[in-house]
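Take a look at this one; I'll ask things after.
Going by the order they are written in, the chains are A, B, C and D; count residues from 1 in each one.
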Amino acid sequence: MAGNSFGQLFRLTTFGESHGKALGGIIDGCPAGITLDLEQIQFELNRRKPGQSAIVTQRKEPDTVEIYSGVFEGKTTGTPIGFAIHNTNQKSKDYSHIKDSYRPSHADYVYDKKYGFRDYRGGGRSSARETASRVVAGSIAKQFLSDVKIGAFVSQVGEMKLDKSYQELDFSKIESNAVRCPDTEMAQKMEEYIKSIKKEGDTIGGVITCVIQNVPIGLGEPVFDKLHARLGEAMLSINAVKGFEYGSGFAGVAMKGSEHNDAFNTDGTTKTNRSGGVQGGISNGMDIYFSVAFKPVATVLQSYETINKEGEKVTTQGKGRHDPCVVPRAVPIVEAMAALVLADYSLLARTNKI
Amino acid sequence: MAGNSFGQLFRLTTFGESHGKALGGIIDGCPAGITLDLEQIQFELNRRKPGQSAIVTQRKEPDTVEIYSGVFEGKTTGTPIGFAIHNTNQKSKDYSHIKDSYRPSHADYVYDKKYGFRDYRGGGRSSARETASRVVAGSIAKQFLSDVKIGAFVSQVGEMKLDKSYQELDFSKIESNAVRCPDTEMAQKMEEYIKSIKKEGDTIGGVITCVIQNVPIGLGEPVFDKLHARLGEAMLSINAVKGFEYGSGFAGVAMKGSEHNDAFNTDGTTKTNRSGGVQGGISNGMDIYFSVAFKPVATVLQSYETINKEGEKVTTQGKGRHDPCVVPRAVPIVEAMAALVLADYSLLARTNKI
Amino acid sequence: MAGNSFGQLFRLTTFGESHGKALGGIIDGCPAGITLDLEQIQFELNRRKPGQSAIVTQRKEPDTVEIYSGVFEGKTTGTPIGFAIHNTNQKSKDYSHIKDSYRPSHADYVYDKKYGFRDYRGGGRSSARETASRVVAGSIAKQFLSDVKIGAFVSQVGEMKLDKSYQELDFSKIESNAVRCPDTEMAQKMEEYIKSIKKEGDTIGGVITCVIQNVPIGLGEPVFDKLHARLGEAMLSINAVKGFEYGSGFAGVAMKGSEHNDAFNTDGTTKTNRSGGVQGGISNGMDIYFSVAFKPVATVLQSYETINKEGEKVTTQGKGRHDPCVVPRAVPIVEAMAALVLADYSLLARTNKI
Amino acid sequence: MAGNSFGQLFRLTTFGESHGKALGGIIDGCPAGITLDLEQIQFELNRRKPGQSAIVTQRKEPDTVEIYSGVFEGKTTGTPIGFAIHNTNQKSKDYSHIKDSYRPSHADYVYDKKYGFRDYRGGGRSSARETASRVVAGSIAKQFLSDVKIGAFVSQVGEMKLDKSYQELDFSKIESNAVRCPDTEMAQKMEEYIKSIKKEGDTIGGVITCVIQNVPIGLGEPVFDKLHARLGEAMLSINAVKGFEYGSGFAGVAMKGSEHNDAFNTDGTTKTNRSGGVQGGISNGMDIYFSVAFKPVATVLQSYETINKEGEKVTTQGKGRHDPCVVPRAVPIVEAMAALVLADYSLLARTNKI
């Protein structure tokens, strides 16, 4: 219960530091009998991988996953699925500038205070490199949830905001550009903007919107483990996330109840979907959609003042190969976490009735 | 693990339907030796109570809490604290209009689908009446966290938004008005607006902002149980909540890293606090602040079309005594959930080092 | 997670001290749709009740359970079932002899050391009175497990040991005598022996054997949460229990593998059942049977030397109305804990396969 | 929560099949700052290793552990410790006789029924090979619990029972013989007996006794998570275990309370220790001791009748290299599980008081 597990019945536990020998995880509770497509897992990992385009970090990491257990003759066996991704590109790094000082808005300082010391290499456990394990597990969860369709995309970069509802978008375009924005025109603007930010050695934030379709009615465990509450926790656990809203979200507060309510059709679907597919914490069969706010990456390739462990002022130069904007690579992570939540709640829902 | 427990070490489990015999809960893991002020618990309950002002529901419920166990000679004993609030005002109600039809944007429909049937009286388990138990537990958590200061207030009602940072506000004014907004002038406008909404038989949404001060450094359990992730889950588990953001939140996405980063002072504090008191999922000792979006209450006192269990169209007239705007009464609930998270993470943090 | 919850999906949390206002609990995760027989719950409670015969404590406690929630129109709703048993007979007691000294082999000393002080009235939380809540929950679990048959009985008192296998016994005789031993002749001897022990002001230990029939194949969650491991934990959590064995148990260690192995019939049943219905931690459909060792009750009605809080020697006289032998009243508790384990594992087993 | 995790705060999750690529685990919640002796971990693994003496299985498995994370510059970092043991000797095996039939008193049949199919190679997940991961984690737990002394030994093989109390034994002799019995004379008899059993192609059961010294007062979380209840569950989760008793155990049932009670010394220690170091589920500072019964290994090297998947009778010849008696190699496993319980409860005990 020390924070590195997610889920109750479909449960992922992860391990690994940015520059340790390996990172990976264990999925416990994955039902037996799922025919597992290992290439699909690697495909999802590649969507998260560094170096995939000009607007992401240029580090070279093959990110090849090795499955150790829980799969036999191509199918899950019901026993825990252990997996690892070995680190291969971490040896030559120079971390002396990180070792001796605390980077602003990073986790360096709090790790030192919490644990007494820290593995400073590449940010250690606080690095977003850990999310590779989530993508592996999320891909397995997706394969379990074969009928459910989870699609995330970049809806905002800096102040450039996609002002269309998700129904107006062509999801097949998401993977057609480096930003992962389904509006090709907007995608191009965003890409240029990220490039200009990168040139400045600066970074910029963004928003990812995620849509989940074909969700069965009845997922969610009130009063605390409401479906959207767990989705929110899942998203907020991703590095750099500052906010979460679903359905009408923050904009909904300005509406009147008579406007906001979703009237029923006779088949139980609703005419509008400001509820975002969840009512009272339980899925109602309509599309679930939510947005996730990512702050600008803290590592800027500029000179900055900070302090060292002794509390002395030091001036440091940001260096290395970092993402100027995290959202393009975070799209598969958002999907993975959504899949983990859905897989877990699908299993929980099997226990609701006699 | 069926959704009615919150927290790992300081753990609340609640029970109770809106119109059952009683609602209440058990706090397991509350440390021994806390001198418990029972009047303080009742005071917090009264802040949530119906009928406290002209802009909230006019139901009459005494909401008197009875502590059954876990307290001896005025102090917590380390054993579970059982408590109950008996329902006294539920007998004469007429629920026939709810029994036979599904209210739009309520949980009626999904409860029926999930569990096969439902206790329809007053919304049953999905009623916000359940949050009374949270307020009791939160008050005990607050008393455990004696050094930590948790203050929530209404920062938006409909489109009326308080455009001041929390540092500019006088928190001692929060309880001076019915809205629980610390800006007296804005509070008055909000109050009048809510009254006008009420007259229309309609409802309106709002935002609550919460500030937590004097938090020790080191609370939070990455990578999944990050402090802000659990806070987000806690808030999203409250009835009618549609969004959560902390620190710079959604506005932060439009900032550059060089602007957004919080530079250190030599004592480890930061010059700015866009991080919102949490870095890498761990408290850094700065103020934690976050905002919670509440949708307009679904129950409108107007005539509306909906469907019944058989999927037939029916026209229904909303009736009863409901809140035109939920945020004034939700302030102590937000504080309670924040206190529960902080209490839990304070205990977890005791286990980080040898 | 502070020790007062049992089970993962069918989860009981209890509260209450021996002489507090009330004791009770919450069952979270009980599936919806169980038609609940409240008289059956009270019947089970009465089997555990003090004063039911000449060989148990003569205290008068009505032990009437009140269900607060989770049941509507006679059926479970899927929401948490809160219940309480109010204490009515605790006021006139005199506890001064307990308050100031530590009774040998009781929990007085360790509670003081662990929590800093204790509710000394009647043993506080460490009293077996808490098991009344388990019996309530166990009775609900039994009603969920309608096809499973759980029968426990006293198989040993002191050195008087029933030397028959359970197949030779007539379970319908269990409730026909005060000892709850299905062998009437042996029951009479045991009863007389307990009466003689009582006259001495002394106490004696015993063994309860429990048989579970009609268990579906497949219950148990290796490698840690094996079915028999959880049953063992459940039994060891009952007051005064010192040992647990299932199937061939301790006697099995002296057997050779060729003798001990249970050969299969062609329908998957086994010719013998030394496995005790569990193989590899998973039920195999054969009868589950196990034995539970209870030590003699620590409270003897004799004069004894002990120490007080200051570490000074004191001489104390045991008094009050206590059980000379705990096993007759513990039979429904053993059954209740077995039912809770089976209910939980039945729900878990729903998640094993796609 | 699917059964492959153990512990709440010091939490081990394991993965791996007998003949998969690797087995291993993750320890989450290990406190930061423990100086880790990796050779000590390997030493414990070697105590469990096949091929270490003439009376254990002659398989060749190097069982070399690789630590992937959570350790930096020789110390634990507070982040999860991932580890793996790669399988190297599993390729040439012939499993056809297992694939098509169910071995009596093995888990083959129930795995097929529970999960729909199974990884039959070497018993898959149900093989005791999984306990290697427990030994790794247990060794780390032991290093955390530096003041606590955990010593297990073989006290019975077949009907050969060590009739001395543990106080009369010289624990330094445990590792001096292949059986791991501290009484050298008895050890030699046991060894010869096991050799004769092996010659018959048969197997025999045994008992391991474990003593834990220097335990702090106050470990244990009543009412369900009593210290001895968790120890019992831990032991019962080990392959082939059929029973658990602590303190006076099953023999205690024949004693009177006046004989059984442990009188206090003025320093809070007790003159006798029939309680086995635990009262009311909480450690009292005295030695904890308990015994664990192991059945004879099910795999006998003889011809036997059984059934196949189709329910047809088949005659099979047991083959391969198996342990004639499991207890010598199980000694470090018992110690490991005890260490995991103690580590977990040590952390939990930090949260009892303000």
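What to note about this one:
To be clear about the criterion, a contact is a pair of C-beta atoms (placed from the backbone, for glycine too) under 8 Å apart; a residue touches a chain by one contact, two chains touch by 3 or more.
All figures in this text were calculated on a predicted structure; none of them were measured in a lab.
More C-beta pairs in contact connect the chains of C-D than those of the other pair, out of C-D and B-C.
For subunit D, the chain with the farthest CA centroid is B. Inter-chain centre distance (subunit A to subunit C, centres taken as mean C-alpha positions): 46 Å.
As a whole-number value, the distance joining the C-alpha centres of subunit B and subunit C reads 39 Å. Separation between the centroids of subunit C and subunit D, computed from CA atoms only, is 26 Å.
Residue positions of subunit B with contacts to 2 or more other chains are 1-5, 8-9, 14, 29, 32-33, 78, 114-116, 125, 348, 351-353. Within the complex formed with subunit D, the residues of subunit A that make contact are 1-5, 8-9, 11, 13-17, 20-26, 28-29, 32-33, 66-70, 72, 75, 77-82, 84, 114-119, 124-125.
Within the complex formed with subunit A, the subunit C residues making contact are 1, 8-9, 29, 31-34, 78, 144, 347, 350-354. By the touch criterion given at the top, residues 1-6, 8, 14, 102, 104-107, 109-111, 113-116, 125-126, 130, 156, 158-159, 197, 200, 202-207, 217-218, 220-226, 228-230, 232-234, 236-237, 239, 242-250, 252-268, 270, 274-276, 279-284, 293-300, 302, 304-307, 311-313, 348-349, 351-353 of subunit A touch subunit B in their complex.
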